[in-house]
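Alright, structures below, take your time with them.
Okay, so subunit A shows up in both of these, paired with subunit B first and subunit C after.
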Partner chain A sequence: MTGVEDLEIENNTSKLIEEEDNEVAYVKLISNDGFAFIINKETASISGTLKNMISDTFEEGLTNTIKLHEIDGSVLEKVVEYLYYNDKYKDCIDVPEFNVPTEMALELLVAADYLQV
Partner chain B sequence: MISSAMNQQKSKSKIRPPRKAGSNIIDPNESWKLLEVAIHDIQSKNASKWSFEQLYRLAYNLVLSKNAPYLYNHVHDEIVKHLEINVRTKLENIILEKYNNSNLNDNISTETNNINKSDAADVLKLFNTLWDDHLICIWLISQVVMYMDRTYTKENRLPLVYDVGLIAFYKYVILHNLKDTDETIGSRLIKIFLNYFNLNRNGEMIEKFLIKSTITIFESLVNINGETYYTKSFEPELLLSSHKYYIMKVNELLELKSGSIYINKIVEIINDEKARFQMYLPSNTTEKLSDLMYKDLVINNIENILNLQTDGMKKWIDNDDYDILEKVYILVERISSTKLILRTTLRTIVIANGEELMEQTKKQQLENENVEEISDDKKKKGKKSGKESNTQFAINYIKNFSNYKFKIDQIIANSFSNDIEIYREIESACTTFLNENNRIQEYLSLYIDDCIKKSLKNKSSEEIENVFNDSIMIFKFIKDKDIFEKYYKNHLAKRLLNQKSISTELELQMISKLKTEAGSTFTAKFEGMFKDIKISQDITQKYKIESSKTTLMSDLARMNDGRKFDIDFSILTTNFWPMPVNKTMEDVTYVPALDIAKASFEKFYNNTYNGRNLTWAPNMCTIDLRMNFPSKSYLINMPTLAAFIVLTCFNDDETEDGTKMLTFSEIEEMTNIPTADLIRHLQSISVAPKFRILKKVPMSRDIKPTDKFGLNLEFKNPQTKFKILAVSVSSSSSSSSSSTKEDSKDKFDVTSSSSRLETDSERLSTLESIQRTREFEVDAAIVRVMKARQSAKYQVLVAEVVRLISDVGKRFRPQPSFVKRRVEELVEKEYLRRDDNDRELFWYVA
Partner chain C sequence: MAFRRRRREAAAGNGQQQNPDDHGVKGPSSALTSFLREQGINAEQIRLRYERTQRNTQENIIEDENKEDENKKDEENIEQNQSNNLHSTSIKLNFALDSDEEEIDDNENNNETENNLQSSTKRMKLDDSSSLNKGATIYCLECDQNFQISVYSKKSEKYGKIGYLCPSCTKIQIRRERLAKKHEIEARKRRKKIATALLDKKKFKLPSLQDFCIDIITKNINDVELLGEIGTYNKTKICRILAKNRSLNDKTVGLFLDNNTTSLEFWDCCKIDKNSLDKIAAYCPKLEYLTLNMCGQLHNDNLKYFGTKLNNLKSISLNGPFLINDESWQLFFESNVGKNLKHFHLRNTHRFNNDSLVTLLENCGQNLESLTLSRLDGLNSKPVYDLLPHFLSNLRNLEISSPHHENLIDDDMIINLLALNCETINSLNLDKCSGLTNKFLIEGLKLFGANITKLSLCDLDQIDDEGLKSVFDNWNINGGLTDVSLQRCISLTDKSVYDLLLHSSQTLVQLNLNSIKDISKTMFSNLSRNLTFPLLTYLDIGFVRSVDDSVLAILSRICPNLEILEVYGNNRCTDKALFRDNLTVIGRQTDSI
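Moving on, here comes the complex of A and B:
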């Protein structure tokens, strides 16, 4: 009987650890104009620049927060949308088209270059 | 510095840079100032206080504002500066602290106590740490300026910032001279490393990881041309140091002058080294180092080692040291695919062993004789004759060789993984030394003779098979197989006529083995002899049935004092048997009963086989004779001719005291036995002390025409049933002046039933007879070839004749000069004709 109890306690502990891990698995992106997006770290890592930013060494790695001074909220929203789109379809063959509003095209291009997407 | 940097950072992070970086005017110096501080922080492991985004953005904007070259150069300079001021100084300091210049410069392979293990480890550890830190720094820096690398650096085909860091480390740390010396830091590091590495070779525990990671650093260091420090500097030094190490080891070992220690130790070193290579070194270095190792340790010394007399190959073979021999084999196989060194060494040893085998057999012989002499003295028996012991020697020699070959085969199986080339080499060596003994054919035949007559009695079929296989093995080694055939025929004839074989099966088994090996022509005569014996038995049987219908047998029995008169006939086909038709026996006076039997058999035989010629050979027969002496009655088996002497001359001696004496000449006249044979047979019944059934006056070994003979009534022998052998041809002829020149050729003395080694004179006549046979054989081969071809060039003819006789017939290898003489002879006899125009061309004359 005691053995079973011990086991349950252990299970609970491991669940807690998992939750902690889950929290760390997200990163907050803040746009130039103050919009914040909390996204999966793995998804964020699709961008080379973001990936480097969330490595442990620098401030961002410790705070799990990245301030992107170069990017407006609207553009960042689109970027985040793209990152998830990319993540979702990365292993697929038939990929639906990603809709880019014409007026945003140039801004997105610059952002993509900056972020190494 | 650090605190000011922190202040700057804090104040700067509040400033919001302009959003559209490209459009704003940027002061590169201002941006760089910030980045420079950040890089310093990265290098001193304080990066965490910086926002990556901020730094990245700074670099990004610098690049966008076309300040990339400025940034690139500054980053480069910053990396170099850090290496020079921090990394290099630290490294230099520890090296100079641990090693003052004098003590390490050139003595890599010197004794271990010169080197402080922990000092070396400390230096290498620091080196590793500095390197690892440097890698992290340049990695982080390259991440910060990634935008530049992606655009400017690539477009201008410059080394990426990370590579800049690697190259700079090579150039400004490794290739930099140590303070006050002309030695680079790198070369000093290599020396320290190799010292450390050699500690391990000498059996000390070292930190494996340190070795491995240091080697990885050397491999990672690249110069601007893409060459690694490893291949450029480290590997040559490693090879040199290893070479010194191997040579040192070899010299240490060579001083011991012990092959087994050398081989064992070398194998140990090689295994250790291999493990070391595997653990630490990249494959192409392993290859080079491995080659070097085998060259230094094995190739350069193995021959000397194997030839060491006290503890070398010879001793290992003598002692069946499978373990070390296997090690030798593996070593040699690694250094040369032909294994030439091993093969030549083995060859020399086997040939030397061959000589020893001869000596050993002689020694054995001597010991045996000594033992026998002692026991002989006790039993008061006569000493074995020299000839018998020679025969024993021949038999022992073959036995010893069989054992030796078995031993070597075991070695090949156990140590040389049944290597076929080594096997062949040994066979060839055996062939060489066996054939150096020009009587080997006779030895072998005697050995088989002994086996079939005596030693195989009550042996299992497996043992018999082994003995025969050994015999065939030696038979294969023998070159002049026709000589063997000659002896085998002689020995076989004696066995058959005297019924000495343990069993006919044994004989047939041996013959079938010879047949498999040498072909049916080789054994045709042996088989013919068998057939004769078989047919003789049948004929004797039939004759007996036939004559039982008449009164012949009872008549004969009456003549024979009422005892049963039994007789066996052997009808031999002249060609098959070694002894020639001897017409000199035709006049011999037969005992009356035998004369009748002879006539009746002749009649019977001529009725059965019309037109065949029978020549009687009483000289090859024996008679069982019952002799009543005053002391006892004896049943004596003696040569027929001896029995004729007794029966014809002395059977009618009615004088009580045996006073009837006849001279040699009188006996000769009465019996008509040819002089030489008469002498021999008289010798055998009147001279040998144990078998002196006739007395001789005067008593001497030699027999003169005037000598007188009479029955020896005092004859005594412990056995009532015994056998008298005829004195052999040579021993009688040596004593008799009337030596039988004309029939010394092809002398075949079947009545001396035990086969023995020939004396030199017999040997000579055997060889003469073989020479004659060879002439016939070559003649026959020449005619066969020419008949088939009609014409042939001389060279072709010789080659074909040699092939026929040696390879196909497995008889002997005729010398070309011999064939040439026979060709000339045949031309003379007009079997062949030389072409009129071409001296080299011959034509067959039908």
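Moving on, here comes the complex of A and C:
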């Protein structure tokens, strides 16, 4: 359920960003195999690594584009899903379980370790 | 179809006359009532549950009767008619409620109503003699609309009057009850989760993505062939979780061994056999720090093998290696590996005897920076313990705890040891060496404990106010202690404990005063007026019976960084205590689920 909702949110935001040209509120994450995810900056800041990248005057912060060379599209999608999950439920106590596919767990752990989420 | 539609239209028309949201006005309610409502606790539900059970028993009776009456055709016809009537009302009910939120529930509802229908028709049959005049037109208690009463009309009590609700009001009432029930379930879940988190000494917070992944991995650990670059921290974490789940075995242990590893900790080696233990040395030649707990399977040959392979080993910590005999210990200490050891920690084995200790001291004594000898019942010679000061002069951390007999460790030996190591020693643990007296405090700790920051003296029943007071009186050579444990030093009271706190108030990070039963409330009042503890994060004052709600409030104020406060056994601490939100208080009776 949540996954579908999040993807919808994502689609909406990507439409928004096109309309408002490069507004600072969004950041683009590009995976190893070329998939791009445009997500809310605030949501991206849940990840310590991404936060550092966009909050400073690095290239990533200026262009609002982050290339994640070591993360595949499918894994990055899951990470983005988690970021929105975290954003949505951070103050709740009774939260639904976040679903991680078994076969992806190790890869996702490597990515999560790198991104500090 | 046409017929049904017409009926629906009529029903809808009926529903439109009434706006269901008009009746939200309520009379004044007491604080208790509103609190209960907030928590989702409702007397109505208790009543309903009672009624339901009553109804069920009634139904059972009816069903029995039904079997007898089944052949009577007339009655069946009547029943049919009645249920037809009821069907129309049920549709009416669904229409009267035109809000979106109920749409999903309607399916369930229909099932429910069908069930209800069956039971209620039966009931009606039984209640023929009841005073309730079926089909009579009465006025709704809530909205004063006139309507035909049916089995669905809800009985309600208001302003001391008892009456029935019209279909739309009934629907609203049912929805309210369902919401209240939902809230109640949620509130219960929430309380349970908070209580569970409290026992783990933390607050409930959303698990990180890494936690989710680690959870999945540990569940499927038997299918994992390689962990890959998941980071040392995550590896250690997975290793600890596996140890806790007791699933660290010959296969899974291999995941943590590679030739760049410098530090390994296996907290549960019960299921790791001799061959796999050998692999530690074979696969990790660069190993510097090794911790093996519950290593009952560690064999003499393993230790011999370690002694030939692990040339970089600096620190070894073993808990429960009871297969290793004296001869193997001696061989290990005499090997090149043994001679390089800087940290040696040993707990829970009776096979480590007097000769083993002498060999350890002779071979590594000068190098040793850390030494732990805990629960070693094979060490039973006082002269051997008395050798310690002759060999050890570089000690930073010393733990001698739970000796075989309290006479083995006496004041003079510890005083000598402290005198020789006074430059370096910063952590001292003498738990359960109950032979120690005030003399060790006054002539040892006070004079030679200049650099000590961590002090643990649990269960020393012979030390009392006189000794401890003189240590902390003008103890200027020591800059302050960070970790102190005086658990179950039952002869201590306010006077000396206050002096300790006065001396180290600015540096204390962890403090354990568990079971010092003579600490009175006066001491906490004195602390409140005179001291603050800016760094204190952990405090255990369990079984100090004078601690009550107001003491909790004082501690919350004077220890601004306190995170965990344990108050087990203090039954004057209640849920009414007022303290900071970010302070976790554990052990109150009222916290249990």
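The rule is simple: the second predicted complex is superposed on the first by the 94 of 117 C-alpha atoms of A that agree within 3 Å, B and C clash if a C-alpha of one lies under 4 Å from a C-alpha of the other, contacts with A are read in each partner's own complex, and residues count from 1 in each chain.
As a working rule, contacts are C-beta pairs under 8 Å (C-beta built on N, C-alpha and C of every residue); 3 or more make two chains touch, one makes a residue touch a chain.
Remember, it's a predicted structure, so these values are computed and weren't measured experimentally.
A.B. asks: Check the residue A:Lys41 against both partner chains and state whether it touches subunit B (first), subunit C (second), both, or neither.
C.D. replies: neither
A.B. asks: Touch check for A:Met53: first (subunit B), second (subunit C), both, or neither?
C.D. replies: first
A.B. asks: Going by the contact rule set out at the top, does A:Val117 touch subunit B (first), subunit C (second), both, or neither?
C.D. replies: In the superposition, A:Val117 contacts subunit C only.
A.B. asks: Classify the contacts of A:Lys28 with the two partner chains as first (subunit B alone), second (subunit C alone), both, or neither.
C.D. replies: After superposing on A, A:Lys28 lies clear of both subunit B and subunit C.
A.B. asks: Check whether A:Val95 is in contact with subunit B, with subunit C, with both or with neither, and answer first, second, both or neither.
C.D. replies: After superposition on chain A, A:Val95 lies in contact with subunit C alone.
A.B. asks: Once chain A of both complexes is superposed, is A:Leu108 in touch with subunit B (first), subunit C (second), both, or neither?
C.D. replies: It touches subunit C, and subunit B stays clear.
A.B. asks: Just subunit B (first), just subunit C (second), both, or neither: which does A:Asn86 touch?
C.D. replies: Second partner only.
A.B. asks: For subunit A, what residues appear in both contact lists, the one with subunit B and the one with subunit C?
C.D. replies: Common interface on subunit A, subunit B vs subunit C: nothing in common.
A.B. asks: Flag every residue of subunit A that touches subunit C in the complex, lowest number first.
C.D. replies: Against subunit C, the touching part of subunit A is residues 79, 82, 86, 89-90, 92-95, 98, 100, 102, 105-106, 108-110, 112-113, 115, 117.
A.B. asks: Can you name the residues of subunit A that touch subunit B in the complex?
C.D. replies: Per the touch definition, subunit A meets subunit B at residues 32, 48-49, 52-53, 55-62, 66-70, 114, 116.
A.B. asks: In the complex, go through subunit C and note every residue touching subunit A.
C.D. replies: On the subunit C side, the touching residues are 186, 189-190, 193-194, 204, 206-210, 212-214, 216-217, 220, 224, 227-231, 233-234.
A.B. asks: Under the stated contact criterion, what part of subunit B meets subunit A in this complex?
C.D. replies: 16-17, 19, 21, 42, 47-57, 60, 140, 143, 146-147, 150
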